[in-house]
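Note that subunit A is present in both complexes that follow, paired respectively with subunit B and with subunit C.
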Partner chain A sequence: MSRETIRQLLVVLAAVVLLPIFVRHAIATEIWIFAIFGLGLNLLMGYTGLLSFGQATFFGSAAYVAGYLLKYYGIDIFLALAIGIVVGTVSAAGVGYLCVQRSGLYFIMLTFALNQMFYFTAYQWTTVTGGEDGMPGIPRPSIFGFDIHPPLAYYAAVAVLFLVSLWIMQRIVESPLGKILQAIRENELRAEALGYNVPRMKLLAFAVAGAFSGLAGVLYAMLFGIVPLESIGFVFSGNVVFATLIGGSGSLYGPVIGSFVFIWLSESVSTMWARWPLLLGVAFVIVVLFFRGGVVEAWARFWGWRAAHRAPAAAQVDADAPR
Partner chain B sequence: MKIPLLVSQVLNGLATGMLYALMGIGLSIITGVLNIPNFAHGALFALGAYILFTIMQLVGNFWLALLVAPLGVGLLGVLIEYGGIRPLYKAGHDYQLLLTFGLSLIVTEGIIIVWSPVGMSQLPPPLLRGGVDLGITFYPKYRLFVMVTAAVLVLGAWLFLEKTRYGAIMRAGIEDKEMVSLLGIDIHRLFTVAFALGCGLAGIAGALTAPIRGLNPWMGVDMLGIAFVVVALAGLGNLLGSIAAGLLVGVAQSLVALFWPEASVAVIFAVMAAILLVRPQGLFGIR
Partner chain C sequence: MPLVKTELLTKSFGALTAVKAVTLEVAEGSLHSVIGPNGAGKTTLFNLLTGQQTPTSGRIIFDGRDIAGTPPHRIAHLGIARSFQRTSIFPTLSIVDNVWLAAFARQEFWRGLAWRRADGYPELTRRALGVLDEVGLGDKARLPAREISHGEQRQLELAIALAAAPRLLLLDEPAAGLSPDETQKMVALVQKLKGRYTILLIEHKIDVVMSMSDRISVMHFGSVIAEGSPVEIRRNAEVRRAYLGGIAAP
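Now for the complex of A and B:
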C-alpha cells in the first residue's frame, strides 16, 4: 500500500468512527448505505462511462424481494443480504443485457424506461408490494444472536459492510477488469480493436454495480423497517447519479463524499419543508452549471491554487488533477 | 367479450397512441438535434395541461387555451435552452441531461406550489362534449377530436421537417452537426429552435390530455417513460416510426387494460423490452 492509500484509509476510518457522534444515527447509517449504492453506480458512470439512469431498479428489487422474505418467512440476516445481492446482480444483468446493445442516448433512455417498468409493476402489484404505501414491517434479525436493533449497533454493522464494499470496489477498479472498463470509457472503438468484448465487459460492470445496489437496498429496508415505493422510482435513480456527481465521478471516494453531502443535506432540509425536491432541483441546476467536478475536484483545485500561490511553477499540478 | 367494447378500446388506444406519438416526436427532435434525452419532457407535458387549465379558468376559451399552452411551454423551452443548456455545450451531454433532470423536479414542484398537489378535472369545450354514434359503438367526441388534432399536428411536423428549408436543416442537424455548422448555419439557433419545438409539442400533448385524464402534478411521469419508449423503438428523428410506435404502445396498453387493468402501464415497457430483445436496434432504428 502506498502512503497515499494509507492516508485515505485513515480518513475513511476516522469518518466512520466520528460520524455517529455528530449526525443522528439513522442518518449516519443512511449515508453509508447510499455510499454503497453510489460505489456501484460509479463503476458504471465514472469508470466505464455508462450513465445509468435506472439504478433504483436493482436497489428496489432487492429491497422488495429480501424484505418480503424477511417479513413473511423470517429468514436469517446473512441469507437476506445474500438474496439482496443476488437479486441486484440478476436484475442488473437482465436490464443490462437489453441496454448495452445500444450506446449513448439510447442506453440512457433504456435504463430509464426499464426502471419505469419495475416502478409501475411495484406500484400496481399492491398485494405484494403494498403499492403507494410501501411494504412496512421489515424486521431486523440479529447477527449471531447479537441484537442490532439499537441504532448504533446497526450503524456499526452497516459501517463494516461499507468498508468491505469500499475495499472490494478498490480491488475491482485497480484490477485488469477495472483498467479495461476505463479503456472502454476513454475509447470504445480502440478497446474493441484491442480484442475486448465491449458489450460483455459493460454487462459485467452492470452486474457488479447491481450487486452493490442490491446490498444497499436490503440494508435500506432493514434501516427504516419499510420498503417505500420511492426506493424503486426514477427520482431515486436520479438522486444517486446526482450524489455521485456532487462528490466527483471517476474517483473512488467521489460517491462516498457525494453520499455524505446529499443525504445529510436532504435529510436536514426535508424535515423543514415538504417541497424540498424544489431545492433539490435547484441544487441540481447550480451544481451542474457551476460545480461540475464535484467536491473532489473543488478540493484538488483548492490545493492546486494554494500550491500555485506558494510556487508558480507548481501550477502544473492543477492540470493533472483528477476529473 | 363484446365487439363494441373492443372497438371503443381500440379507438381509445389510437387516441392515446397519437398523444404518445406527439410526445415521442417532440423528444425525438430534441434528442436528435441536441443529443440529450430531455428529462424535463414529462414535467413540461404537465405544465402544458396546467396552462390550459388556467386559461380556461381565466378566459374560458378552449381554443385560445389550446394555442397558449404550447406557446408558453415552447417559450420556457427557449429560456431553458438559452440559459441552461447553452452554457453546457462544452461540458458535455451528461451534464445537460442532469440539468434537464433538475429542471423536471423544479417544474413539478413549481406546479404543486402554484396550483396544488390535489388532482383537478377539466371539461372539454361544450362543442366537443357528448358522443357520436359510429354505427358499432358510441364514442366521445372529444377523443375523436384529440385523434384528429394530433394527426394534424403530426402531419404539420412532418411537412415542416420534410418540405421546408429549415426542416431540412434540422434533419441535417440530426445527421451531422459539424457539417451543418461548416455550411455557415447558426447551429446554436438551430438547437434553440429544436428544443423549443420539442417542448411546444409536449405542451400541446399535455393540454390535449387534460380533459381526458384530468390534471395532477405527476401526470407527466409515466409520459416521460413512454416518450423514451417511442424514441427507442422508432429511432431518432423518425416521424413515421414515432407514429407507428406511439400507436402500437397506445393500442397495446388499452387492450391490456380490458382484461388486466393493473398491468396496463407496465405492459408498455414490457412490449418495448420484448421488441428490443428480438430487434436491439428498435423497430425502425438504424443506429
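Now for the complex of A and C:
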C-alpha cells in the first residue's frame, strides 16, 4: 500500500469512529447508507458518464422486497442483505438493458421514466407496499445473536458494511473495468474500435451500481423500520445525484463527502430553517459553475493555491515544466 | 494470398453512393495506399472495414471469412486496428493508459476484469510502454493525453492502434495537420512499421505515398479508378486527369 492510500484509509477510519460522537447516531448511520448508495451512482455518473436519474428504482425495490421478507417471513439479516443486493442488481440490469440502447438526453429520460413506473407501481400496490403510508414494521434482526437495536450497535454494523463497500468500489475503479468505463466516458467510439462491447460494459456498470443501491436500500429500511414510498421516488434519485455532484463525481471519495454534506445539512439545518433546500441550491450552483469536481476538486485546488502562495518560486518552476 | 479483400463493396447514404462497387485486395505484409481527392470515399471504406458502418452490399473477406456487417468490437478482436483521421483518444486518461486499454482489449480472456488492479498486468504495461517508446512518447507515458501537442497526439493515435497487435493496420491520414517536420517523423515511423504489419494507408501527401507504397489504389467519386504499383499509377492517364493533374492542369 502506498502512503497516500494509508493516509486516506486513516482519514476514513477516523471519520467512521468520530462521526457518532458529533452527530446523532441515526443521522450518522444514514450518512454511511447514503454514501453506499452514492458509491454505486458514482460508478455510473462519474466513471462511465451515464447520468442516471433513476437510482431510487433499485434502492426502493430492494428495500421493499427485503423489507417484506423481513417483516412477514422473519428472514435472517444476512439473507435480507443478500436479497437486497440481488434485487438491486437484477432490477438495475433490467432497467439498464433498456436504457443503454440510447444515449444522452434520451438515456436520462429513460432512467427517469422507468423510475416513475416503479414509483407508481409501489404507489398503487397498497396491499404489499402500503402505498403512500409506506411499509412499516420492518424488524432489525440480530447478527450472530448480537442485538443491533441500540443505535450505536446498528451504526457500527452499517459502518463496517460501508467500509467493505468502499473497499470493493476502490478495487473496481482501479481494475481494468474501471479504466474501460472511463474510456467509454471519454470516447465511446474509440473504446468500441479497441474491441470493447460498449453497451455490455455500460450494463455491467449498471448492475454493479444496482448492487450498491440494493444494499443501501435494505440498510435504510432497517434503520427507520419502514420503507417509505419516497425511497423509490424520483426525488430520492435526484438527491443522490445532487449529493454526488456536490461531493465530486468521478473521484472515489466524492459521493462519500457529498453524502455527509447532504444528509447532515438536510437533517440538522432543516430543523432550524424550513427553507434549507435553498442552501443546497446555492451549493449546487457554485459547484456547477466553479467546481465541476465538487468538494474534492475545491479541496485539491485550495491546497494547490496554498502551496503556490507559500513557495511562489518553486511553483513558478513547476508551472514552467512541461506537463 | 490477400489478407483482406473486398468484393463489390458498396455503401449508400440515401441518394449518395459513397463507396461504389469497390473490389480491392491487400496482400499480407504489404503497404497498400488508398489515394483520392476529398470526398472520394476513402474514410467510408475504412469505416466499412472496421464495422463502424454496415455495407449496403458486397463482401469483405478477412483471412478467409466474410466480416461485412460485424460490429466494430468484434472486428477489433479479429485483429483489425485503425487510427482515426481526426484524433480519437481518451483525453483525461494518462498516455500509457490510452495504450494499455488497447492492449488489454486484445487479450483472449479478460482475467481479473473487475477485481485485479489495472497495474497488475506487467506484460501488458510492458507492451504499452514498448509501443510508446517506438512512437517516441516513452518519456511522457504518465501525462494525461490532453496535455500533449497535436503532433504528439497523432503519435499516440498510432500507438493505440499498434498496441492492439493488429494483423491489419488501417491508417487514416496519420500525418493530418502535422508540420513538415512532424510529417517527416511520422513518415519515418510508418516506414519502420512497413513489413511488420499489413498496412492499408490513406494519405493525401502524394510524394509520401509514392515513396512508401507497394501498391496504390486510386479512388474517385466512390469507385476505384486505378490500381497498381507507384510507377504504374504515376503513368496512368486517367489518374492524372482525375487526381494528380486534375487540380493543377485541367
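As a working rule, the second predicted complex is superposed on the first by the 290 of 323 C-alpha atoms of A that agree within 3 Å, B and C clash if a C-alpha of one lies under 4 Å from a C-alpha of the other, contacts with A are read in each partner's own complex, and residues count from 1 in each chain.
Here is the rule we go by: a contact is a pair of C-beta atoms (placed from the backbone, for glycine too) under 8 Å apart; a residue touches a chain by one contact, two chains touch by 3 or more.
Predicted, not measured: the structure shown is a model, and the values here were computed from it.
Enquirer: By residue count, is subunit A touched more by subunit B or by subunit C?
Expert: Between subunit B and subunit C, B touches the greater number of residues in subunit A.
Enquirer: Would you check which partner chain A:228 touches, where first means subunit B only, second means subunit C only, and both and neither mean what they say?
Expert: After superposing on A, A:228 lies clear of both subunit B and subunit C.
Enquirer: May I ask you to decide whether A:180 touches subunit B, subunit C, both, or neither, giving the answer as first, second, both or neither?
Expert: The second partner, subunit C, only.
Enquirer: Pick one for A:101: touches subunit B only (first), subunit C only (second), both, or neither.
Expert: First partner only.
Enquirer: Check whether A:189 is in contact with subunit B, with subunit C, with both or with neither, and answer first, second, both or neither.
Expert: second
Enquirer: Quick one: is A:197 in contact with subunit B, with subunit C, with both, or with neither? Answer first, second, both or neither.
Expert: second
Enquirer: Could you look at A:172 and tell me whether it touches subunit B, subunit C, both or neither (first, second, both, neither)?
Expert: Second partner only.
Enquirer: Looking at A:38, would you say it contacts subunit B, subunit C, both, or neither? Reply first, second, both or neither.
Expert: After superposition on chain A, A:38 lies in contact with neither partner.
Enquirer: After overlaying the two complexes on chain A, where does the subunit B footprint on subunit A coincide with the subunit C footprint?
Expert: none
Enquirer: Please name which positions on subunit A make contact with subunit B in the complex.
Expert: The contact residues of subunit A facing subunit B are 51, 98, 101-102, 104-106, 108-110, 112-114, 116-117, 120-121, 123-125, 234-235, 238, 241-242, 245, 275, 277-278, 280-285, 288-289, 292.
Enquirer: Mind pulling up the subunit A residues that touch subunit C in the complex?
Expert: Subunit A residues touching subunit C: 171-172, 174-180, 182-183, 186-187, 189-198, 204, 208, 323.
Enquirer: Under the touch definition given earlier, write down the residues of subunit C that touch subunit A in their complex.
Expert: Counting only subunit C, the residues touching subunit A are 50, 52, 71-74, 76-77, 81-82, 84, 88-93, 97, 100-102, 104-106, 110, 112-118, 121, 143, 147, 160, 164.
Enquirer: Spell out the residues on subunit B that touch subunit A in their complex, using ranges where they run on.
Expert: Interface residues on the subunit B side: 31, 35-37, 39, 84, 87-88, 91, 93-95, 97-99, 101-106, 108-110, 112-113, 221-222, 224-225, 228-229, 231-232, 236, 262-263, 265-266, 268-270, 272-273, 276-277, 280-282, 285, 287.
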